[in-house]
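Next up is a structure, given as structure tokens.
Letters A, B, C, D, E and F mark the chains in the order given here, with residues in each chain numbered from 1 onward.
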Amino acid sequence: MDQKVLILFVDDEPLIFETVKDALEEGGFAVRPEHDARGAMTALEECAGELSGLVTDVNLGSDVTGWDVARRARELRPDLPVVYTSGYSSADWNVLGVPHSTLVPKPYAPAQIVTAVSALINKAASQPGPMPG
Amino acid sequence: MDQKVLILFVDDEPLIFETVKDALEEGGFAVRPEHDARGAMTALEECAGELSGLVTDVNLGSDVTGWDVARRARELRPDLPVVYTSGYSSADWNVLGVPHSTLVPKPYAPAQIVTAVSALINKAASQPGPMPG
Amino acid sequence: MDQKVLILFVDDEPLIFETVKDALEEGGFAVRPEHDARGAMTALEECAGELSGLVTDVNLGSDVTGWDVARRARELRPDLPVVYTSGYSSADWNVLGVPHSTLVPKPYAPAQIVTAVSALINKAASQPGPMPG
Amino acid sequence: MDQKVLILFVDDEPLIFETVKDALEEGGFAVRPEHDARGAMTALEECAGELSGLVTDVNLGSDVTGWDVARRARELRPDLPVVYTSGYSSADWNVLGVPHSTLVPKPYAPAQIVTAVSALINKAASQPGPMPG
Amino acid sequence: MDQKVLILFVDDEPLIFETVKDALEEGGFAVRPEHDARGAMTALEECAGELSGLVTDVNLGSDVTGWDVARRARELRPDLPVVYTSGYSSADWNVLGVPHSTLVPKPYAPAQIVTAVSALINKAASQPGPMPG
Amino acid sequence: MDQKVLILFVDDEPLIFETVKDALEEGGFAVRPEHDARGAMTALEECAGELSGLVTDVNLGSDVTGWDVARRARELRPDLPVVYTSGYSSADWNVLGVPHSTLVPKPYAPAQIVTAVSALINKAASQPGPMPG
């Protein structure tokens, strides 16, 4: 299993970033880190085909939000598991989120991210019809 | 129970329209019919607060699609059950659909619409926390 | 299939009662009607073992509520599908409801009751381990 | 919507057969009827590609059972919604059933079949990745 | 993320207690420990508003059980994720448990608790309508 | 909690094997390791009654596959949680898999296995009717 299970993780708060990255890596995931929307969008163009999941903060401190990043990701990979993190109401998720995504409310424990990503990947494979991707 | 359970139903094909409208009414729903995107958008401004659900074809024969109608509906009512009908791939749904919606593939039997609407309304009520709406 | 699929249906509003009873019977269910909590409790003692489901209004116009009826039903039949109907907040359901039940908000279309009952019975059979009941 | 939503329905008890066929057709489905395992297997070879679902009794009065029919159906169409009906324990379903199928216990109300088929078709379309089939 | 994700954890067996507390803390949760029903009830009055979840043994060695603790918790916080642990049959859970809770059978691996708590919190946020709490 | 939560883990690739075994044990599970189909089948005859779950690779380098191992496991224990791992399409899972199982696509992160096993055990206990096993 030298192939990696790569997660694109986008967050601009350094403390959260390291904690979650550590938790994902301890769970056996490889993490592609990005700290802003521009970086995330570039990463998607470069490696959407190699990703197993996207974890993105909604608020990225710019006009381009996590909602936009996820939508672009799904254009490139309709089956990609998407986890949003947000400190605000889930009302926005109901308008701007994509189907089969998970909203993890802030503050959160890193185990919630590991569980959300793992559950979404497993569910995407355990579905009727040919495996996506 | 003189109050109605109102479904906004948007489709531009007359034959489908009557069949589904009949099935919803036989199931006990009241139907607000609209035949194009403009009418659907107007209906949302008028009566979003009174709706129990939205059923919309994706392809409405105009630039404004069922994806847009549903997004506007969720802006006004984040908890509104949404059912899309489409003859095309679900790949678009993964990019443009809203969470907790159902995609009914075309062609469909009218019972699929009744089941999808009923299940979404029941699920939205049977959730943790205060009832939405 | 001369055996009946019996639903205990408890509601004290005559108009709703007939509409829902008709819808359940049209769907192929047999209905045991009760109009108050006392009757519902008696019915449970008499025929809990023969029931395939319980549909009960929460507000039965007495101290004994639909929450109490459902709890007694589950004591006698831990696997019994339970559907509550209520015009109030789902907050109470989160405190007083039983697991694997469905809350149908009032007003509702009768199809929602048929769908809720059908889905719960099917789900109870399609589970790991020996079939309950 | 002149295209049909075709369900292969396999049962050898005449009374059940007519009741369920009527309910499916009233819900808007077209029904391909078969009364034994041999007929069901032949039907699969002829029209698996046109099917939207399979409803089969488990006990077909022959060595070839509903479990076998469903497995052959999934070989030809990995995404096909499958509903089993059975008067026996669900223990067998846990060994011999296919994933994403529903077991409807006998006796059942025809509405349970309509709900089970509708829910499975809708769920198969509302999944991550390209629409199957 | 200096805010904590606080779990009220109630169990009277010292060995289990430390193992699970360690697992939750390693997953990034903060744990409020209580060892009996009285302490749990007091904790709820003090800090229900700050809790993200409740994990309680059913048998607390007193008349007041985990079922009672959870019910009180839901009165104060209708949306609170609840995990019960029990060495006995799930029949009781079907009568005395609250909706949207998880029963973890004893003996269990601590990862089951972390997964159950994480999944319930994520699910409560990823629902239609405004975020609870 | 001196009783163990025993997982039968079957895989013939040494590197994967150690990584997953470590992750399961760190999560608090006990692991019965087997490296081929023959060993897995023998293990089932010896200790099916003591198992809490089965994790098996589909491709075991022999005529007997993980599909066969899982089917034998379910014959002995209809309620047993089953996780398959596979590098191939999920089309086979739809034909050969058992209900209520999870397919984890290869390559995977060990956290996906821990989450899948934990979620299946918890779900099997949190169901209507008496607890299986």
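The definition used in the following text is that a contact is a pair of C-beta atoms (placed from the backbone, for glycine too) under 8 Å apart; a residue touches a chain by one contact, two chains touch by 3 or more.
Computed from a prediction, not measured in an experiment: that's the story for all the values here.
Trainee: Moving only to chains each one touches, count the minimum steps from chain D until you reach chain F.
Mentor: Counted as steps through touching chains, the separation is 1.
Trainee: How would you label the chain A and chain E contact, same or different, if same means the shared numbers make up over half of all numbers there?
Mentor: Chain A and chain E contact each other through largely non-matching residue numbers.
Trainee: Just grab the chain with the largest centre-to-centre distance to chain D, centres being mean Cα coordinates.
Mentor: Between chain D and every other chain, the largest centroid distance is to E.
Trainee: Where does the C-E interface recur among B-E, D-F or A-E, taking recurrence as more than half of the contact pairs being identical by residue number?
Mentor: That would be D-F, since it shares over half of the contact pairs of C-E.
Trainee: Quick check: more C-beta contact pairs at A-F or at A-D?
Mentor: Result: the pair with more contacts is A-F.
Trainee: Measuring centre to centre with CA averages, how many angstrom lie between chain E and chain F?
Mentor: Roughly 27 Å, centre to centre.
Trainee: For chain C and chain F, what's the span in angstrom between their mean Cα positions?
Mentor: Computed from C-alpha means, the inter-chain centre distance equals 37 Å.
Trainee: In chain B, which residues are in touch with two or more of the other chains?
Mentor: 78-79, 90-91, 93-94, 99-101, 114-115, 119, 126-130
Trainee: For the protein chains shown, what form does their contact graph take: line, ring, star, complete or other?
Mentor: Here the contact pattern is something else, fitting no line, ring, star or complete shape.
Trainee: Between which chains does touch occur?
Mentor: Final set of chain pairs in contact is A-B, A-D, A-E, A-F, B-C, B-D, B-E, C-D, C-E, C-F, D-F, E-F.
Trainee: Going by the contact rule set out above, which residues of chain B touch chain E in the complex?
Mentor: 78-81, 99-100, 123-124, 126-130, 132-133
Trainee: For chain F, which residues are in contact with chain A within the complex?
Mentor: 13, 15-16, 19, 23, 88-91, 93-94, 101-112, 114-116, 119
Trainee: Give the list of chain C residues in touch with chain D in this complex.
Mentor: 1, 3-5, 27-29, 114-115, 118-119, 121-122, 125-131
Trainee: Could you pull out which chain B residues touch chain A in their complex?
Mentor: Answer in residue numbers: 71, 74-75, 78-79, 90-91, 93-95, 97-101.
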